[in-house]
Amino acid sequence: MSAQVAPEVHLADLIAALGGDLIGEAQTRISRIAPLDEADGQTISFLANPRYQAQLAQTNAACVIVAPAFAEAAAKRGEKGGEKGGERGGAVIVTPDPYLYFARLTQWWAARSRPLGAARIHPSAVVDPSARLGAGVDVGPLAVIEAEAEIGDGARIGAHCVIAQGARIGAGTRLAARVTVGFGCELGQRCIVHSGVVIGADGFGFAPNFKSEQPGWEKIEQLGNVRIGNDVEIGANTCIDRGALADTVLEDGVKLDNLIQIAHNVQIGRHTAIAGCAAIAGSTKIGAFCTIGGAANVVGHLVLADHVHVSAATLISRSISQPGQYSGVYPFEDNASWEKNAATLRQLHSLRTRLRDLEKKNT
Amino acid sequence: MSAQVAPEVHLADLIAALGGDLIGEAQTRISRIAPLDEADGQTISFLANPRYQAQLAQTNAACVIVAPAFAEAAAKRGEKGGEKGGERGGAVIVTPDPYLYFARLTQWWAARSRPLGAARIHPSAVVDPSARLGAGVDVGPLAVIEAEAEIGDGARIGAHCVIAQGARIGAGTRLAARVTVGFGCELGQRCIVHSGVVIGADGFGFAPNFKSEQPGWEKIEQLGNVRIGNDVEIGANTCIDRGALADTVLEDGVKLDNLIQIAHNVQIGRHTAIAGCAAIAGSTKIGAFCTIGGAANVVGHLVLADHVHVSAATLISRSISQPGQYSGVYPFEDNASWEKNAATLRQLHSLRTRLRDLEKKNT
Amino acid sequence: MSAQVAPEVHLADLIAALGGDLIGEAQTRISRIAPLDEADGQTISFLANPRYQAQLAQTNAACVIVAPAFAEAAAKRGEKGGEKGGERGGAVIVTPDPYLYFARLTQWWAARSRPLGAARIHPSAVVDPSARLGAGVDVGPLAVIEAEAEIGDGARIGAHCVIAQGARIGAGTRLAARVTVGFGCELGQRCIVHSGVVIGADGFGFAPNFKSEQPGWEKIEQLGNVRIGNDVEIGANTCIDRGALADTVLEDGVKLDNLIQIAHNVQIGRHTAIAGCAAIAGSTKIGAFCTIGGAANVVGHLVLADHVHVSAATLISRSISQPGQYSGVYPFEDNASWEKNAATLRQLHSLRTRLRDLEKKNT
């Protein structure tokens, strides 16, 4: 059973909790949230993208969340047939931003269908006596909280987490099972951190020492920490390294997907969102309100302005001072075509020279 | 000592267990599995790829697994010398598909050289009384099994695993140490899941809310689950996110390597195999019998047909309706050449225009 | 408080521990390490790259580490003003390789500011009686050490680590919290392994079996181990798979960053360094003293010579026999330009043909 199925919800409950203007019957029963084209007679759905407007007429949804411009069309839906044929078209919630309303609906729904358990310190957890735990802190089974760590009010520390010496977790922050927060690192309030995240491993720093009798890389101990703001979300198995001298910093509202690498001394501006498998190399500073596509990479020691958007799988190799969308991906094609074009690419510079020569001949 | 070394195996044992036609002495002793060119007089080897046929004559293997077409050549090997010079050429197992035979041999070998311990619930595990454990279930040290989780007969849950509330693990499925299965998620029978895997973390879903007084991303709670079929294998540190509304689905026989990202609502058809560090973005549907190369990426909301093969490091940015091999990788070269060609690539469109102009002049 | 802040250090202490020629007052108090442009009057800084030479004159650092060529300029700094205006320019440590000196300074500093706790076997750890632990071994809370594992003298096993049956950890090696070392795998001495690392998961090996009545991939059990030399460092959430028949091998001094995939039977030569999110596919052999850039990929069954350097995000698809720098990345640009150039790239081979035709007309 998926959590989107919840018992006994009526539109009146939703409107009371989330607002919006209701057209239709407040006692309409809702048991499911789904897209317009998968909706049944107990489903609430939404129209966020005008591109899907045509689905409005066809949907069987009991209620549709729409912007004012679509209120009339939504209210008339189903009049000509469908499962609800003959009846009136079902309920409508009118709101300025249906997608935002939908997001809040999922939050309300999750709170109802997956209530958090009562906070407790599980007896199997290993909590150092010098750790400071706020009011209503929940500590899961087999978690480890080391000396002088601080856990803010209402924070929830999942099973198998390690909060190392002197680390600080802000109020209301939730760590899923198996999150590691290194010594001295800090997370703000209301953060969400998913399983497998490693905050505060050593940055990758070595001095070459290849002229000595025992040649090799000499470790540069990473003496900085990681500082993470409020309302940050960090996806599963993502890594955020501690700084070499200064700290690695994520500002408020940053959202990171899974399997992302944030190297030492990176700074990420507020509300920047980074998709899965991206990597930001050391000391790079990314602005606020940026988006970085999946598997994109930014090399080290760069500065990206605010509102820069990097396409998936693109390598950013120079600083970017202007907002905008940036891309650099080899376009895929069937393998035989790719082989021919890619082989030719190795001659591209000489092709240009040959073209120039021809142009000279032709003038 | 590697596990491929096992005591007292005779060819008769192999034939009894795995079949095949034996040419040679059934009491030949085998202590090792190795490629033809690394074989010694107690080694069993195989010829799967005709390209390596020449190694047949040179190998010192005590036994060689071959297809019928190579039976004669295999039986005659070593007649002209080598360690076994003068003797007859050693034993041969003839079978229609030597590589498949080799695979089964490794399974038989592993079962002999690494027998599983007797199933037990380790006393340090934290198992909720409402969890339902089948017959012969093994639970490792410090594992956590939450309320109403179900573990099928003979399943093995490694040390430090977390099976969250209401999750279901099918019969005979084996979780290595430190696997996290989120609440409500399901795995089928006979699956193998390696360490560090995170199943059921939240998908990366947010509604933009940047016009409000407190601008930021509004979380879309992920209300779906993850459903995984039978005989699925999942490599170390791979992440499979729960769906936003519907579920994320892996069908029977899917094989995932390490460090792969499977985003919310992805569907992967049966027997599709995906190599390490690949990423599949949200809501994409991949067909059956596909292969996705290492570090390849598929963007969101696409549909890939059955039998599509994506080359390593390729970004798939559009749906693919035809079976075949698809590629899109910048061909590497020495750095100086790359710099020239890559710089020219930024002028490619204008080069085409100039070429057109020249063509007009020349007609 | 970051660890780079430490109480009561005087230059005399540094010189005694690390050597170097001091110009200036040995009792100068140091409380911080920082770059030249962030230094204050209690900071020690360094000039490693002549490019930053201009910062020497401006820095407020109490002491600067420089090469002999810059000793005079460093000693004269600040004479014309700045915070220390009027006074003499502050202390200087002269040493042949300032960056190497800085690396050792961070080590000395870390040892002072973050002393390791006394070694103990935490009572919550699950240690099999047949495991062999050397002198001064530290085992953190809730770690699991299985039968016949060997832990060398002075090694430190972090919280939640799993050292599986028969694995061996060399003397002085340190495992951060939550590291998994599979059965039979070996690490040498003085290694550092960060959280979330998985050593010894199964390599990704399957024989196709699609003609049978139950089509699917047949698992090839991975019978090899992982062998890791001395002085190897492995970053967070990196995966190193066990070999199929022979072992996967990392030689002495290899340095791996975070989220790296090392597939089965890979061999990596001594002192090779690999940056984050890179992936090395199965059976590839990488030489000594190589560097592999972040998110770079090397396909399987290749051989890379010693001293090969691969640029970030490059796919290496053929063996490389010559030392040098190799690259293959689509250069990023603004999205509109990229769209035009990438579309044209699909016609590149035909453009070449058209160019040839024109050339023929013009001869």
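Letters A, B and C name the chains as they come in the text, with residue numbers starting at 1 for each one.
Following the convention adopted for this analysis, contacts are C-beta pairs under 8 Å (C-beta built on N, C-alpha and C of every residue); 3 or more make two chains touch, one makes a residue touch a chain.
Computed from a predicted model, the values in this text were never measured in an experiment.
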Inquiry  = Angle of the rotation mapping chain A onto its copy chain B, from a C-alpha fit, rounded to a multiple of 5 degrees, please.
reply    = 120
Query = Over half shared or under half: which fits the residue numbers at the contact of copies chain B and chain C, same or different?
reply = different
Remark   = Here the gap between chain B and chain C, centre to centre from mean Cα coordinates and rounded to Å, is 27
Residues of chain C touching at least two other chains = 142, 160, 178, 196, 237, 259, 277, 295, 329-331, 333, 343, 345, 347-348, 351, 355, 358, 362
Task = Please give the residue numbers of chain A that touch chain C in the complex, ascending.
result = 126, 142, 144, 160, 162, 164, 166, 178, 180, 182-184, 196, 198, 201-202, 204-210, 215-225, 237, 239, 241, 243-247, 259, 261, 263, 277, 279, 281, 295, 297, 299, 310-311, 314-317, 324-331, 333, 337, 340-341, 343-345, 347-348, 351, 354-355, 358, 361-362
Ask   = Any idea which chain B residues touch chain C in the complex?
value = 1-4, 33-35, 38, 97, 99-100, 102-104, 106-107, 109-110, 113-114, 122, 124, 140-142, 158-160, 176-178, 192, 194-196, 231, 233, 235-237, 252-253, 255, 257-259, 271, 273, 275-277, 289, 294-295, 312-313, 329-335, 338-339, 342-343, 345-349, 351-352, 355, 358-359, 362
